[in-house]
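Two complexes, one shared chain (chain A), two partners (chain B, chain C).
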Partner chain A sequence: MENSVKGDGLMVPKNLQPFKPFSRSNTRSTAFESTGIGYTLLALGPSLSLFIAVIAKKPFLILTLLSSTLVWLISLIVLSGLWRAFLPFKTGSLWPCTLIILTSVAFQEALRPLFWKIYKRLEDILDAFADRVSKPRLFITDKMQIALAGGMGHGVAHAVFFCLSLLTPAFGPGTYYVEKCSQMSFFLVSAVIALAFVTIHTLSMVIAFNGYAEGNKVDQYFVPAVHLIAAMLTLVNLAQGGCIIGIPLLYIMALLTMGHCGKMVWRRLTEIRSRQGSSF
Partner chain B sequence: MATVTSLLLFVLCASFGLSFSDSGQENSFESVPDLEKSMYMHVDGYPCVRVLNLSGEIGCSNPSREKVVAPIVRYKSADELLKSAAVLVSIDEFEILLSRLSKDLDFAGKVAGILVESRTEVSNGLKGFSPDGKFPQAEFAPYQSNNFTWNPPGSGIMWKAYNFPVFLLSRTSTLILQEVVMKNEKTKKSNTENVAEFNVVMQTTKSGTHDSDSCLKEETCLPLGGYSVWSALPPINISSSQKSKPVIVTMTSMDSASFFRDKSLGADSPISGLITLLAAVDALSYLDGLDELNKQLVFVVLTGESWGYLGTRRFVLEADQHSDSVRGLDFAMIETVMEIGSVGKGLSNGVKTFYSHTSGDTLATNETFQALLRAQDSLKTESIKISMASTSNPGVPPSSLMTFLRKKSQISGVVLEDFDTSFTNKFYHSHLDDLSNVNSSAIVTAASLVARTLYLLANDQNASAINAINVNASLVEELLGCLLNCKPGSSCELMKHYISPSATCPSHYVGVILGEPSSVPYPAYVSDVSRFVWNFLASKTSIFSRNITSACPNDCNGVGELCIREEADGKGICVISTTRYVPAYSTRLKYESGSWTVLPYNSSEEMSAADPVWTESNWDTISLRVYKVQNTAYDGLILLSGIVVTVLTYLLILITRAFIRKALKWD
Partner chain C sequence: MEPGGSILESIGQEIIGVMSPVSICMFLVVLLVYSLYNPATATTIRTAANLVYMESPTDSTSQKLEGSLLNAVVFVILIALVTFLLVLLYYYNCTKFLVYYTRFAAFAVFSSMGGSVLLSLIQHFNFPVDVVTFCVLHFNFTIVGTLCVLSSGGPIVLKQSYMVALGIIVAAWFTKLPEWTTWVLLVALAIYDLVAVLAPGGPLKMLVELASSRDEELPALIYEARPTADMGRSGIRGSSLGLLVGGVMGDNSGSNSFEIELQAVLRNEDNNGNENGDGESIINVLENESSEIEVVEDDVGESSPLIGGTSLVERLPSPSERRNNDNANGSSRENESQREDGAEGLRGLKLGLGDFIFYSVLVGRAAMYDLMTVYACYLAIISGLGCTLILLAVCRHALPALPISIALGILFYFLTRLLMEPFVVGTSTSLAMF
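On to the complex of A and B.
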């Protein structure tokens, strides 16, 4: 019906109705927000924990996090701006999606060495400054923390861009299920995938920075490979019921990244310990 | 905007490439608001609202100030409801459902709301549906037989109070909801279900005022009413010294009622009568020598008749008080009254059949009947049959004449109807009394009969110019389209010629009376149909007073001058015409300094005992949404998992940090 009294269309004609609107009491809201908060915590809760536990204590890390988030958000916006020219195309069709993923991963991975170069210059400045005021230089754990903050910025940018921006409807009473993934709500899938990517991006930066610092080719190629494979794995979700397979596979990649990062950190720390030990 | 679009597409593809296909159809969303719109689906429908009277209330409302949310199930008479639900029912079973609610209290407690399906083309087997009573408005009848059944399908459901919202769905939303119900039935075990959210919060429910008196005091409701229109052909010259002629009044009503407030079309009862009157006036207006007729013709179109004959009673009261709105009409000079009732179904076996129900002075009514017969004869090319109504009827059928006679019993009157002993309209006062329920040729014939009969009566049965009176059949078709159909509806050429309508889909519910009632109301407070009738009658009964090019309202203040078509073109036309608005509202109400008060019961006003003083509750918005919800356990699980993930990660980080510190300090 097109003759509506109020904005959200439909219903009653203006037909001489009492136009004395009265204020309605607040409708119950508590039940719905909890779901929205749940999804947000799923996607960004671990980042929050990491922030509180590690990053919040050092202002420099906070700055790194913020600038990293900004840089990666801009990279995603630039990518979407570039792809704007190719709109519209059928969502969910394989070839355009594959192409988008390939180009986006390539762009972001090309950005990473650039990020590293900027960091390296910054590190040199900081080290020079430390020398001048006779304070110790950046220790390996400091450098890893900076890398971690950088990676977390990347992860947070991804979560905000791909998950949080879609969550507004989840704060209402309703939910949404997609035909091809009828086991979980759309928002849950989005949050879970975002969590996997946050993990991958956060730890990838640590691995990548270490790879660039040491000149370790394995680490340098590991990161783009994992990023690409993880991104391609999301294409599995295009199939009917694909999310049942796709999401566990994605988490396997996240665990792989976690494992590799742990191994690398342990190796570096034992190296340093043995170097220290041998210097005595 | 395009960036958001590309953003979203990027999101859709790159992160999880889900395609939003719903039952084979590709739904592509361009933005998050699109997603939200598809999640929370607004449903088109017509609500039933809360109407109050002096002793209580009728109609429907949300039981409190909260929205009502309940899963949608289909009504099956054998089933028991396990939990609170919104029941989807077809129109055939609607009355059965309501009667079950009054008997089975356990079942009634579980019904949170009712959704009534629209009649589809297939299910045309419905024999009759009328939510009004078997003798509508019996308490206003001038005779005693209140058991007489004028309306056999009448169930009386619209006069009861319901403590839950009821919506009539449009055709498209009926199909949507049928699909939703099927989906609900298929996924019974899963943790989601589709619910309907009703927002029919009425202010009188919120403020606890449950009858007209208290709600008018608290200003949580407004009285039902509108503006009736009367017009004289030819215009009455008030200042003339000539002896006033005897008056023949032709009247009809323009309002209907139904269970659902906004779907009160009333095609047969009474709009067919309204169209007949308008077409007859149009036909008569082309006659030469109207001034030389021996009697004055007056046409009255009343409103509010379905709610205690508000139009008639107020009209008579204003005449008694000699108020401005009826200036020029001398009730003492009224010789006979002809009412045009339902005439749209007067076609049986190719013969147009009408009945004349009479009351009052037999001599005068006989004269009218004779004029009708002569008019019938003059229409040689058509097969028409006019008969007197059966003598076994207790009196006139429910009509404005009924009330008119109680006030002025000395006047004789005739009601022209398409039925004899009981309504032929099987859908009286229901949303099904629509365009398909009337026949345009019956209306054209009725208009011809009325026009010619009036001419004969006014001309003392001299039939000299009778064959010059011809009803424009295309006008009738146009009026049917304008008044009874959504396309073209009020934005049809004919209506736009006279007014600028505020709505397209017509509804003939009388509505509430806004502001102070007066004979020159603020146009925005008058309904589209009233304004159209006023402008149409003024135009047809008018004499041009001056150059057509002069625009009003600036210059149009002479005696008897009116400005018509003011809204339509922006500049009106000044004419001489006797066409007035008469407010139509309960005679027991008085408007004083911005609010309404109920006057104490005056035993001298005969019908005030029977007057319920109908008012409609105020409301803010009325809406209906359908969306999918997850059960609360699942929602809680998600929140819990979010918290658990966060806390676990924190612990993991602390452990890792301790580990690293230990590893570094190992020395």
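On to the complex of A and C.
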């Protein structure tokens, strides 16, 4: 139980106590913990700031975040249930990985309209409640914030399950390298990829909800396309030294998503503002 | 906050008020487990939970299963006996004795178990602290905690923090139990909780009914989440959760009016008044107490958790009755405002300490495997708690908080461990993610 072989010859020890032969000086242990915290913040830092600035103030958004994370966790469990019979596959081989990623992305994107339907129902309930307590109905910024919280749930679920759960050895001495990408330590690579995916997932939900609300086909198809392309780009990492190309391309997709989302939000806000005619 | 603020500012506040201390407790227990747990040197302790069978890693599976079942049954019987004793004492009005005993139990937990946790932390991290300083600080910590937890004086934040500390200490101690025993014990306690709260002869149900018929607080350790003062300012006092769920029910029943009529027990001192702008109806939001009890001791029994905190919404049917009740409400509202700053102020949701403890035990045990299982179990428990709270708003009487959360938690733990981990670790170590 102490050591287990996971994946492509990567040994990850199961016990959680880092090996510390001399525990007399505190500086050594803080150095180890700080690298672990560093990798964690690399993957989740922007989400944490977004959380503290926007979401923590409104309890309903925290609840949305938690339920969204739960939904994506369940989707991951269902996917792994489907593929369990074929595991462990020879990691590093192209076709099984491609198939797995295609099916996973398809399943997750199929969940998104479902999310939207639940959200519509919730919006009706909230509007009825607002009428009953004589308060204004949901503003457009409220709706976007709910979408943002939903997307952030997706991003946080991805970061935790794909990156943070493997970071436990990073809190101790030593580090690991993957053969295919030996320039940086495995922890750094996975944290960097996780950051890109968190951005993509968080903003995709905003774009998708807006697309469904307005009936805008471009937005509706933009989100699954970006998800698929981003997932396919990570397949480039399977080649030897592929991560040098794969990761910058992934960041280009993330920046594309950011740009599109920013443009869309700006357009909607100015539309509403000009429609109202007075200050928002 | 401007009066025209969106509803998104305030909705869902009570749920977060209960979920945050639970989350903090679980997080700190996970940190404790991560820093102090060492599988090579873990010594099993002899407690009430493994009186019959001391598990060792070399036993066969069937032996471990049988032994754990025996342990769990013995523990549940012990707890049931002690709870019945508690009901008996409460029935015969030995409330003083119960209060003093709970204070003694809190003192024992803070001093002995809390002291041992602090000592292992100091040993592990090599804090440079001497015996005298430690004794003085620990003594202060214990005494303030004992004074705070059961009395109504003192700032509410201090009381809440000490409750969470109590939960952390007992949960950290419980995680020392062997693995199979822990899981079977959690299942057994969830079933016991369900039976004790909902079945007609259940001890906790009797306790809640006794307490509500006498209209006093239970002499037990219950975490109370107070609503914030903002709600009073915005003119909506009482539970917005109740109104929201009631609205859903109103919509579902297809009626045009959004009023909800329920059988309500009128208690004058609990009335919070709330008037609509156009004065069409006066909605009294009554809040009953919930019960959740007790503290864990190793040789003394423990109580099972309940969750409560119901809000009953009553609509006054006719103008004449409304006038009469206006007078009653007026006077009671005055009483209410006089005691606003006192202990009887706005009531919030209450969750028993046993819930905190067993949620944290489950997450702590998940932490001994992997971080993925921790996160999955955390989400499962929080969603179970959310479901229970929604059920509470619908059912409006005390509900057991353990069963749904523990069931979901165990389900997600085994699903994650068996299904998800090979899948996700396989793809992410090849750096192929989605």
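To be clear about the criterion, the second predicted complex is superposed on the first by the 249 of 280 C-alpha atoms of A that agree within 3 Å, B and C clash if a C-alpha of one lies under 4 Å from a C-alpha of the other, contacts with A are read in each partner's own complex, and residues count from 1 in each chain.
The criterion applied here is as follows: a residue touches a chain if its C-beta (ideal position, glycine included) is under 8 Å from a C-beta of that chain, and two chains touch if they have at least 3 such contacts.
On a predicted model such as this, the values are computed, not experimentally measured, just so you know.
Peer 1: Pick one for A:238: touches chain B only (first), chain C only (second), both, or neither.
Peer 2: After superposition on chain A, A:238 lies in contact with both partners, chain B and chain C.
Peer 1: Using the superposition on chain A described above, determine whether A:100 touches chain B (first), chain C (second), both, or neither.
Peer 2: In the superposition, A:100 contacts both chain B and chain C.
Peer 1: On the A-aligned overlay, A:269 touches which partner chain: chain B = first, chain C = second, or both, or neither?
Peer 2: The answer is first: A:269 touches chain B but not chain C.
Peer 1: Looking at the overlay, does A:168 come into contact with chain B only (first), chain C only (second), both, or neither?
Peer 2: Touch status of A:168: both partners.
Peer 1: Mind working out whether A:77 is in touch with chain B, chain C, both or neither, as first, second, both or neither?
Peer 2: After superposition on chain A, A:77 lies in contact with both partners, chain B and chain C.
Peer 1: For A:109, select first, second, both or neither according to whether it touches chain B, chain C, the two together, or no partner.
Peer 2: Neither: A:109 stays clear of chain B and chain C.
Peer 1: So, A:38: does it touch chain B (first), chain C (second), both, or neither?
Peer 2: A:38 sits against chain B, while chain C stays out of touch.
Peer 1: After superposition on the shared chain, which partner residues are touched by A:49: those of chain B (first), chain C (second), both, or neither?
Peer 2: In the superposition, A:49 contacts chain B only.
Peer 1: Just checking: does A:214 make contact with chain B only, chain C only, both, or neither of them? Give me first, second, both or neither.
Peer 2: Neither partner.
Peer 1: Pick out the shared contact residues on chain A: the ones touching chain B in one complex and chain C in the other.
Peer 2: 6, 8, 10, 12, 14-17, 24, 76-77, 79-81, 83-84, 87-89, 91-92, 97, 100-101, 104, 161-163, 165-166, 168, 178, 180-181, 186, 189-190, 193-194, 197, 231, 234-235, 237-238, 243, 246
Peer 1: Chain B touches which residues of chain A in the complex?
Peer 2: Residues 1-3, 5-6, 8-22, 24-25, 27-28, 31, 34-35, 37-42, 45-46, 48-50, 52-54, 76-77, 79-81, 83-84, 87-93, 96-97, 100-101, 104, 141, 161-163, 165-166, 168-169, 172-181, 185-186, 188-190, 193-195, 197, 231, 234-235, 237-238, 243, 246, 265-266, 269-270, 272-273, 276-277.
Peer 1: Provide the residue numbers of chain B that touch chain A in the complex, in ascending order.
Peer 2: For this pair, the touching residues of chain B are 2-3, 5-7, 9-23, 26, 28, 32, 35-36, 38-40, 42-47, 65-67, 69, 170, 192, 197, 201, 203, 206, 219-222, 226, 261-262, 502-505, 507, 509, 511-514, 525, 527, 616-624, 627-630, 632, 635-636, 638-643, 645-647, 649-650, 653-654, 657, 660, 663-664, 666-667.
Peer 1: Enumerate the contact residues on chain C facing chain A in the complex.
Peer 2: 4-13, 15-16, 19, 34, 37-40, 124-126, 236, 240, 243-244, 247-248, 251, 258, 276-277, 367-372, 375-376, 379-380, 382-383, 386, 412, 415-416, 419-420, 422-434
Peer 1: Tell me, which parts of chain A touch chain C in their complex?
Peer 2: 6-8, 10, 12, 14-17, 23-24, 26, 29, 57-63, 66-67, 69-70, 73, 76-77, 79-81, 83-84, 87-89, 91-92, 97, 100-101, 104-105, 108, 125-126, 128-130, 132-136, 138-139, 142, 145-146, 158, 160-168, 178, 180-181, 186, 189-190, 193-194, 197, 227, 230-231, 234-235, 237-238, 243, 246
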